[in-house]
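Look at the two complexes coming up: chain A is in both, with chain B in one and chain C in the other.
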Partner chain A sequence: MSIRIDGLNKNFEDFTALKDVSLEVHTGKLVALLGPSGSGKTTLLRVIAGLEFADSGRVFFNDKDVTEHSAYERRAGFVFQHYALFQHLSVFDNIAFGLEVRPRATRPSKDEIRERVHCLLQLIQLEDLAKRFPSQLSGGQRQRVALARALAIEPHVLLLDEPFGALDAKVRKELRAWLRRFHNETHITSLFVTHDQEEAFEVADEVVILNHGSIQQIGAPKKIQTEPANAFVQDFLGLDFEI
Partner chain B sequence: MKRRILPGFRLTLGYSVIYLTLIVLIPFVALTARAFNGTWAHVWGVVTSHRLIVSYQLSFGTALVASLINGVFGFITAWVLTRYRFPGRRVIDSLIDLPFALPTAVAGIALTALYAPNGWVGAPLAKLGIAVAFNRLGILIALVFIGFPFVVRTLQPVLAALTNDVEEAAALLGASRFQTFRRVIFPAALPALITGITLSFGRAVGEYGSVVFISGNIPFKTEITPLLIIAKLEQYDYQGAAGIGLVMLLASFLILAFVNAIQWWNTRRFNSSSL
Partner chain C sequence: MAGVVPDLTLIRPAVRPAVRPRRATEEGPFIRWTLIVITVLFFAAFLVLPLVTVFVEAFRKGTEYYFKALSDPIAWSAIKLTLVTAAIAVPLNTVFGLAAAWAITRFSFRGRQFLSTLIDLPLWVSPVIGGLIYVLLFGTQSPFSPWLIAHHIKIVYATPGIIIATVFVTFPFVARGLIPLMQNQGVAEEEAALTLGAHGWQVFFRVTIPKIKWGLLYSVILSNARAMGEFGAVSVVSGHIRGLTNTIPLQIEILYNEYSFAAAFALASLLSLLGLATLALKTYIEWRAGGRPS
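== the complex of A and B ==
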């Protein structure tokens, strides 16, 4: 499913978070939103997810206008920087949550849920830890559980907010590579926020660079690195040649 | 012995043990010694007399109901105070502590004046045939009043610490507001809620000052156990008084032990750090 956003504006009191942002994420792409802190990248992701509403502008999923839809109606999988796992539920119950809360008419049977959760546990390679609680997992394991939980509802798109931000460098690298492989297998349209350019350029098909709430450049990693659009991009990426 | 990084372990532990012994343990021992210092038959006769049995039921029963009521309304109050910003919030927040600060006798007199058959609230209720003062209902109201802050104050920091993330995650996964509350927020706040209810209960069981005014102290009807301790003391029956005290002590201890067992089981279930 593709994501298209059109002329988004968002202000928090006297702070402009998004200024006339338009963007298209094509079906099956893995796109990174890259920018310094305060550039509006997380706000943009939250507006797309339906966790925040823009002052003006529209959001489309596959040409369907979802601007007024609630977060759940949009069916976006969302992964938080600090995992946001349910501490009192086991890994299994965390992943099953999105299926368990469905109204009876559309809720899968207990067996179906179990099967689905085990598939996801296999996918994140944590089959042995189904009975553990989040506090008993490492940071990398927690984030994988959060991802499986988001995937359980079969989301149309996957949105990740600094998914590796709270992890140490080694785990970050591993999980980054794992996300790329995962995306190659599932081809779910994904958008992830990061302030780490190495991460953005290594993982994403396309990189969107934001600053002060507006888009500075959109392009393939290589293209941005060889042809920065303006002085900000050049400076932010630390490129030391003249345009 | 393993070297410790934090200094002062022995000093602080030693101090705590000695302090607890002086302040808590020795009075308990004295109480027990006093109860057994005489004919056992006499003490047994006192603590199992019909008048006492009725008072145990009244004291522990109303304390239990009052603490459960406080659990419900304390939760709602703590919720409102931590989750929303509204004018007058700070004023309400400071009012919560009033039952802590007020001498209990003052609370008792105020409540009695209010709920007496000619009081502001008591008069209209009396017309409806509901007697509050000099009745068990009055005791319940006094116990609710004095126990309320315990629940609010134990819940507030826990509710404040719940992150928005978790609620947003639940909403994204399709949980309704009610499901989010029941499946996510409530279980996270439950241990603190149990603690608050327990504290409120403990306070209510031992409460004397605010209850004796409003209860009317009618034998076999509205006599709470602490009142009977005072009654025994006034009759110079120190053994009997100590015996009743011992019964209350044991009952409270058992209840606290039970609640702690629940808490221990509950936290162990999802908080052990063993990897």
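== the complex of A and C ==
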């Protein structure tokens, strides 16, 4: 499913978070939102998820206007920087949550839920830890559980907010490679926020660079690196070009 | 393990370090022991001694008299009134406290800070004033009085007044207990639940309530202890009608003023037991909440 954003504006009191942001994420792409802190990338992701509402502008999922839809109607899988796992639920119940809360008519049976959760546990390679609680997991394990939980609802799109930001360098690299492989297999339209350019350029098909709430450049990693659109991009990427 | 009992007296000297490890914040032995002794003495004089006295005095005339004093119809009606009052005031304040804590921590609106401060009002003003407000509001001088009389509604010097005064005095407890907790926890788990397709009530019952349950229970039992023990506010609105509008604390005062010390202390021992039970429950909750979340 594609995501299209049309002229988003968002202000927090006297701070401008998003300024006339328009963007299209094509079906099956893995796109990175890259920018310094305070550039509006997380706000943009939250507006797409329905966790935040823009002052003006529209959000479309596959040409369907979801601007007024609440988060639970959008079915956008969201992965939080600090995991936001349910502390009082086991790994199994965390992953099953999105299925358990469905209305009776569309809720899978207990057996189906168990089967699906086990499939996801297999995917994230944590089958043995189904009964553990989040507090008993390492950071990397928690983030994998959070991913599985988001995937359990078979989301239309996957939104990741600095998913590896709280992890140490080694785990970050592993998970990054894992995410890329996972995306190659599933081709679920994904948008992830990061302030780490290495991460963005290594993982994403396309990189969107934001600063002060507006888009500076959109393009394939190579293209951005060889042809920075303006002085900000050049400076932010630390590229020294002789003019 | 079984069968082999190590002789601890032999092991101990070897295990014990020659010098206790000292920390920078640890004072010398003189200051340390002075503070410990002061704390223990103060605790004994102001907390343990009175508590023991209550029970000693209550049983001064024997167990038989103790139970007779408690089963006296007037004492019994005071116990019932106290229970009824708490049974109404505590759930009301639990719902109110939850709603207020939710509103203050989850929404931003004009006057939020003011509301947050206003919730503490009953803690600042003397409970007597709390009671007086309702006497003035619903008593014979009040503008509502003719209407209340016409509809045969009696608030002041009756059970409704006692309940209202108790609600007034105890309403900060739940909200105050929950606000810092909910502010600390943030809303990330609730947001996650929303993105997973949960609706408002599902988020509340499946995510928020489990997150705050120990804090909530803690606040509720504190609120309950205060509701049952409240004297000042209830005293003003009660009218002290024996067997009708006296709660346990009021009945204790009356008995005491009539020199029925043993009977007064018998009732007082009930309230003390409630206090001890609250303390035990509170300790249990802290122990549970401190452990692994489950």
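Keep this in mind: the second predicted complex is superposed on the first by the 241 of 243 C-alpha atoms of A that agree within 3 Å, B and C clash if a C-alpha of one lies under 4 Å from a C-alpha of the other, contacts with A are read in each partner's own complex, and residues count from 1 in each chain.
Going forward, a contact is a pair of C-beta atoms (placed from the backbone, for glycine too) under 8 Å apart; a residue touches a chain by one contact, two chains touch by 3 or more.
Bear in mind that the values here come from a model prediction, so they are computed numbers and not experimental data.
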Using the superposition on chain A, tell me whether chain B and chain C clash or fit.
clash
Answer with first, second, both or neither: which of chain B and chain C does A:R144 touch in the superposed model?
neither
Name the contact category of A:H183: first (chain B only), second (chain C only), both, or neither.
neither
Contact-wise, after the overlay, does A:F86 reach chain B, chain C, both or neither (first, second, both, neither)?
both
Looking at the overlay, what does A:H156 touch: chain B (first), chain C (second), both, or neither?
neither
Contact residues common to both interfaces of chain A (with chain B and with chain C)
49-51, 70-72, 76-78, 80, 82, 84-89, 97-98, 101-102, 133, 135-136, 146, 149-150, 152-153
Quick check on the complex: what are the chain A residues that touch chain B?
49-51, 70-72, 76-78, 80, 82, 84-90, 97-98, 101-102, 133-136, 138, 146, 149-150, 152-153
Could you pull out which chain B residues touch chain A in their complex?
163, 165-166, 168-176, 179, 183-184, 187-188, 269-275
What part of chain A is in contact with chain C in the complex they form?
49-51, 70-72, 74-78, 80, 82, 84-89, 97-98, 101-102, 133, 135-136, 146, 149-150, 152-153
Over in the complex, which chain C residues touch chain A? Could you list them?
188-189, 191-199, 202, 206-207, 210-211, 292-294
